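What follows is chain A paired twice: with chain B in the first complex and chain C in the second.
Let's look at the complex of A and B:
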C-alpha cells in the first residue's frame, strides 16, 4: 500500500525508493539476501553451463591431471581453469554441469516432497479418522534410510535421474506430513474455523481457504531444508555409485572418480566439494533467513 | 426498558422449538451432562435471552442447535430441535450446512480471533453469500460492502479490502455481525457478543443489534451472563443452571418478581450505583455442581438459602407459577 502512494506522489523517485527499501530489507535480513544471491549465481551458472564451458565429456589424455591455472580465466579456449582430471576432462566444465544435476534434484525433490506431504498432511490433520492410519504409515516410511531405499530401487530397476528423485523424495515426505499436520491441528482449533463452519462452509472450502494459507510459511522453510538435504543425498548416492550413471558429471560422481588421484591432484575433489558446500550453505542460509522472517516468534527484530 | 416491542411471544408458531434437549460430553473422567433436558421456544421476530453462570450449558445449548459441537467428544443424546417445523437433529451434514449461515447464523464471543487474519474483511463477509446464494465474486463483494455499510463502518466499500488487524475490537464485532446477517437469516444466535468488548463499545454493539434486528425482523437468541444486557435487549428470558432451565419469564416480569432463588441471587450480585461503599457485594455461596455426578434433587439445593429436605431428594419440575412465568423450584416465590 505504501508503494502505491509513493509511486503516485513522485513517479520519478520510485527506483530510488525501491532501492532504499531493498537496502533496508537486506540490512534486516542479511541471511536471506546472501543465501538467495549465492543461489541465484549458482542457478545462472548452471543454466549457462553449455554456453560458457567446453564439453564436459571431452577427454584429452595429453592434458590429464593438469593443475588449476586461473590466469586468463575468461579465455574460452582454456580447459584447465580448475585443472583437468585423470582423463584430461575440464573440471570447470564438469563442476558447472554438475550444478545442473544437483540443483535439479534439490528443487524437484523439494517440490515433490512438499506437494505430496502437503496434501497428505492436510487430510491427516483435518480428517481424524484418516489420521491414525496415515501417521503410522508415515512412521514406517520414516524408518527407511533414504540411502538404502535408493540403492534398493536402483538395484531393482535400471536407475536414472527420475528414479533417483523418487527415491530421495519418499523418505522426506513424512517430515512434511508431520509439519503440515501439526499446523492443521492448531489452526482447526482457532475460532475463525468455527466461524467458517457456522456460516455453512464445506470442509473442502475450509481446508483450502482457512487452513492451507497458514501452512505456507513453515512449508517454505521446510522446503529449503529438504532441498539442501536432497542435494547432499544425491551427492552421497552418486559417490556410492547408486545415483546418477557415472558418465553424467555430477559432484558426487566427480568426487568418487577422483578418489585414487586426490593425493596427487587435490583439485579434483576440491572444486566439486567446494561447489557442493557452497550450494548447501546458500540454501540453508536462505532457509534460516526465511524462518526468522516468517515466524515472528523466532525473529529478534521485525 | 426492553428495546424491542414487536410481536408478543407465543402468539405465532415458534420459529425454533427446542424440547428436552440433552447434550453430553464424553470425557476420560466420565460423562458430563452439559445440557440436561432443556426446552424452550423462540417466536418469529422475538429476542430471547439465555442467562446463567459460566458452565451452566448456555453456549452448549446454542452450539447444539446448529450442531457445531466437536463430534468425537460430545453427542446430542436426546430431545428435538425443530426449526421452521424441520427437525434439525435428523438432518444430514450437507442439509445442515445449507441452514448454517443461511437460515440460522451465529455471532461468537471473540471478535479478535473469529476472523481469519490472512483474508480480507470483504472476502470473509462474502463467504456465506457465495456458498448459499451462488453469487459470483464481484456480486458478493458488492454485497459485503453493503453489509459493512449496514453495520455502520465508515467508508465501507474501501474497507472490504482491509485485513482484520486494521480493525478495532468493536469494529471486528460489527464485521462479525455483518457476516452473520449477510444471508438475512431468520434466527440469529449471539453467544456473548459483547463480553470481550469495552463497556462503551458494548452499548454501541447492542444498540446496533437491536436496530438491525428490527430492520430485518430476525429472531434472536442472545446468550450472556450479563443481566444488564438482557434487560436492554430481550423480550423473554431463560435462566439456566447446571444444564437445566430453572426459570423462564418475560423480561419485565423476571426483573420485577424473580421466582427462583438462583435468579434472585444473580440479581442481588449486580453492583448498584449509590449502594454505598461499605455495602458488600452479595454473592451466591458455593460452586456449580459437578455435572459428571448424578444430581438427586434440585441442582441448586446445595447453594440455596431456602433449601429444605424435599429439595435434596426430589427434582422440582419447571411449572408455570404465573402467566408465562415458569420456575423450577418447590418453594418458588417464597421469601428467603
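Let's look at the complex of A and C:
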C-alpha cells in the first residue's frame, strides 16, 4: 500500500508519468486490465471481421472438414486457419463473425437492463407507495427462467435480433431493480437527504442529485455480470435453435450445426467454444476487478 | 413456526400470479397473429382456426384469462398442438430423467462446492484458495454445452470410459443410471459449484473473523469440528440462499444439458417444441419450472430457522 500511494503522488512531473501510473493501476487491479484488454481485442476483431476474413457463409464442398492449419496464418486467401466445417466453410471467419452477435447482445442487454432497472428501482425505493406492488411483480418475473422466456417469445414470433435482446433483457431487469432499490433505501435514511428535504428540494431533484450518484458504482459492476450472463444465454439459445436466424453465424449455432461431426472434427466445437469462454471470462474478470475497486464492501462479501 | 410457513406460502400466491399473468400476456401481446405463426407457413386457414380455438384465442380477453386460470388451478395446462395430449401428462412422462439429473447434480454440487469454499476460506490467501477462486471464475465463464462436448470428447470418445449419450431409467439398475448421469451432472453443475463455492468462501471468511471462533480455537477445539460445527453452521444462511437462487441456473442448464447428452427429459420436450412451435408445451413447462423455483426458495426461507435459531417468526 505504502509504495502505491508514493507512486500515485509523485509521478506527474516525470516524463514517464502516465506509463508509471498505468503500471501502478495495472499492478493493483490486474483483473480489470486483463479483462478490459481481452475484451478490447475481441471488440476490434469483431468490428473488423468483414474486412479481414472471408465471407462466413461461403461454402466450398471440396474443402470439407479440413483440420486447422496455422501455417501462413496471414495469407488472405487462406480458409483453413481454424479448419473448415462440414460444408467447407471457414471456421476462422465464422468464429470472428460470431463475436459480433455475442458482443452486440451482451452490451445492449446490459445497457437496456441497467437503464430500465435503474428507473424502476429509483421509483420503488423512493416512492414507497409503488414499492410493494413493483417488488411483487419483480419477484414474479425473476422466477421465470430466462432461457424459457426467450424460447417462448421466439416461438410466438418469427424471431430476430431485437426480440432476442428484449427476451434476454426482461428477466435481468428485476436483479437491477433490487440492487438499486436496496441502495436507495439506505441512502434515503442518510442525513444529507433529510437536509435536502428540509431546505425544500423537490423529490425529482433529490433523486437525481443525491440518490442517483450512489447507485453508479454498484450498477457498473452489475452491468458487467449482466453482460456475461446475456452472452451465455444468447449462445445457449442459438445452440438450441431459438436464437438469431441460422444464416447469421453465432458461436451457439456453429456448435449446434457441428454436433454430428465433432467426433471426427473436434475443432468445429473447440474454436467457437473457446472464443465464447474467453469473452465471458474477460467480462467476468473485468466485473470482479471493478467490484473490488469500486465497492470494497461487496468485495468482502463475495 | 407453522404460522410463519402459512404466511410464506400465502406470499408465494402473488408471485405465482405474476408468473401466470406474464405467461398469459406473452401469448397475447406479441405482435402479429400468434395462431398464424404457430400454425407455420404452409398451414391452411382451417388449421389456423383450429389452433386459434385450441388456444381459446377467439374468445374475449378477460374470458380467456379467467377460463385459462381456472383450468390451471385444476392442474390443466392445456393440450399439446403436436401430440394432442395434455401437457401435464407429457411433462410427467419425462419427469424422471430431468429429476434424476437435477437432484444428483444439486446433491453432488453442494457437497463439493461447500467443501471447496470452506477449504478456500480456511486457507485464505494460499495456493489452494487461489486455485479454488480461479476455478470459480472459470466455472462461471464456460457455457454448459461447451463443457458437455469437451467431456464427451475426452471421456466417451477418446478414453471410452463412459457412454456418449442417452439415459437409462433407474428401474433398469443403478449402475447404468449413474454411468449416464456422470458427465451431464458435471457439465450442468460446474457453474452451480462455482457460484456456491464463492459464497461459501465469503460467508466463512466473515464467520472465521468472529471472536467465538478464536475462543473455540484457543480452548483447543480441533480445526475440523471447529470449521464444521461452529463456523459452517453460522455461515449457512447465505449459502442456502444461493443454493436456492442458483436453481434458476440449473433450470436453464437442464434444457441445454438434455440436448447435448440426448436425455429424453422435460428440457428436450421444450426444445423439440421450439421447432414445432408447440406453444402450450413451452407455456406449461415455464409455469412448472417457475413454480419449482418459487417452492425451492420457499423451502430455503423456512430452513433459515434451522440454521440460525436467532431467526424467529
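Convention: the second predicted complex is superposed on the first by the 282 of 302 C-alpha atoms of A that agree within 3 Å, B and C clash if a C-alpha of one lies under 4 Å from a C-alpha of the other, contacts with A are read in each partner's own complex, and residues count from 1 in each chain.
Rule of thumb we're sticking to: a contact is a pair of C-beta atoms (placed from the backbone, for glycine too) under 8 Å apart; a residue touches a chain by one contact, two chains touch by 3 or more.
A quick note: this is a predicted structure, and the numbers were derived from the prediction, not measured.
Chemist: Both complexes share chain A, so when I overlay them there, do chain B and chain C fit or clash?
Modeler: Aligned on chain A, chain C fits beside chain B.
Chemist: How wide is the angle at chain A between chain B and chain C, using CA centres, rounded to the nearest 10°?
Modeler: After fitting both complexes on chain A, the angle is 90 degrees.
Chemist: Contact-wise, after the overlay, does A:51 reach chain B, chain C, both or neither (first, second, both, neither)?
Modeler: neither
Chemist: Report for A:280: first if it touches chain B alone, second if chain C alone, otherwise both or neither.
Modeler: second
Chemist: Given the touch rule stated above, what does A:288 touch, chain B (first), chain C (second), both, or neither?
Modeler: It touches chain C, and chain B stays clear.
Chemist: Contacts for A:143 in the overlay, against chain B (first) and chain C (second): which applies, first, second, both or neither?
Modeler: Only chain C is touched by A:143; chain B is not.
Chemist: Who touches more of chain A, chain B or chain C?
Modeler: Partner with more touched residues of chain A: C.
Chemist: Let me test your reading of the model: by the given contact rule, A:62 touches which partner, first (chain B), second (chain C), both or neither?
Modeler: neither
Chemist: Just how close are chain B and chain C at their nearest CA atoms in the overlay, in Å?
Modeler: 15
Chemist: Using the superposition on A, tell me which residues of chain A are in contact with chain B and, in the other complex, with chain C.
Modeler: Chain A residues touching both partners: none found.
Chemist: Can you check the complex and tell me which residues of chain A touch chain B?
Modeler: Interface residues on the chain A side: 128, 190-192, 194-202, 205, 209-210, 213-214.
Chemist: Hey, which residues of chain C end up touching chain A in the complex?
Modeler: 14-19, 21-23, 26-27, 30-32, 34, 37-38, 137-138, 140-146, 149-150, 153, 157, 198-199, 202, 205-206, 248, 251-252, 255-256, 259, 270-271, 273-275, 277-279, 282-283, 285-286, 289-290, 293-294, 297
Chemist: What does chain B use to touch chain A in their complex?
Modeler: 66, 68, 72, 94, 97-102, 105-106, 108, 110, 113-119, 127-128, 131-132, 176, 179-180
Chemist: What part of chain A is in contact with chain C in the complex they form?
Modeler: Chain A residues touching chain C: 136-137, 139-149, 151-158, 228, 232-233, 235-236, 239-242, 252, 255, 262-263, 266, 269, 273, 276-277, 280-281, 284-285, 288, 300-302.
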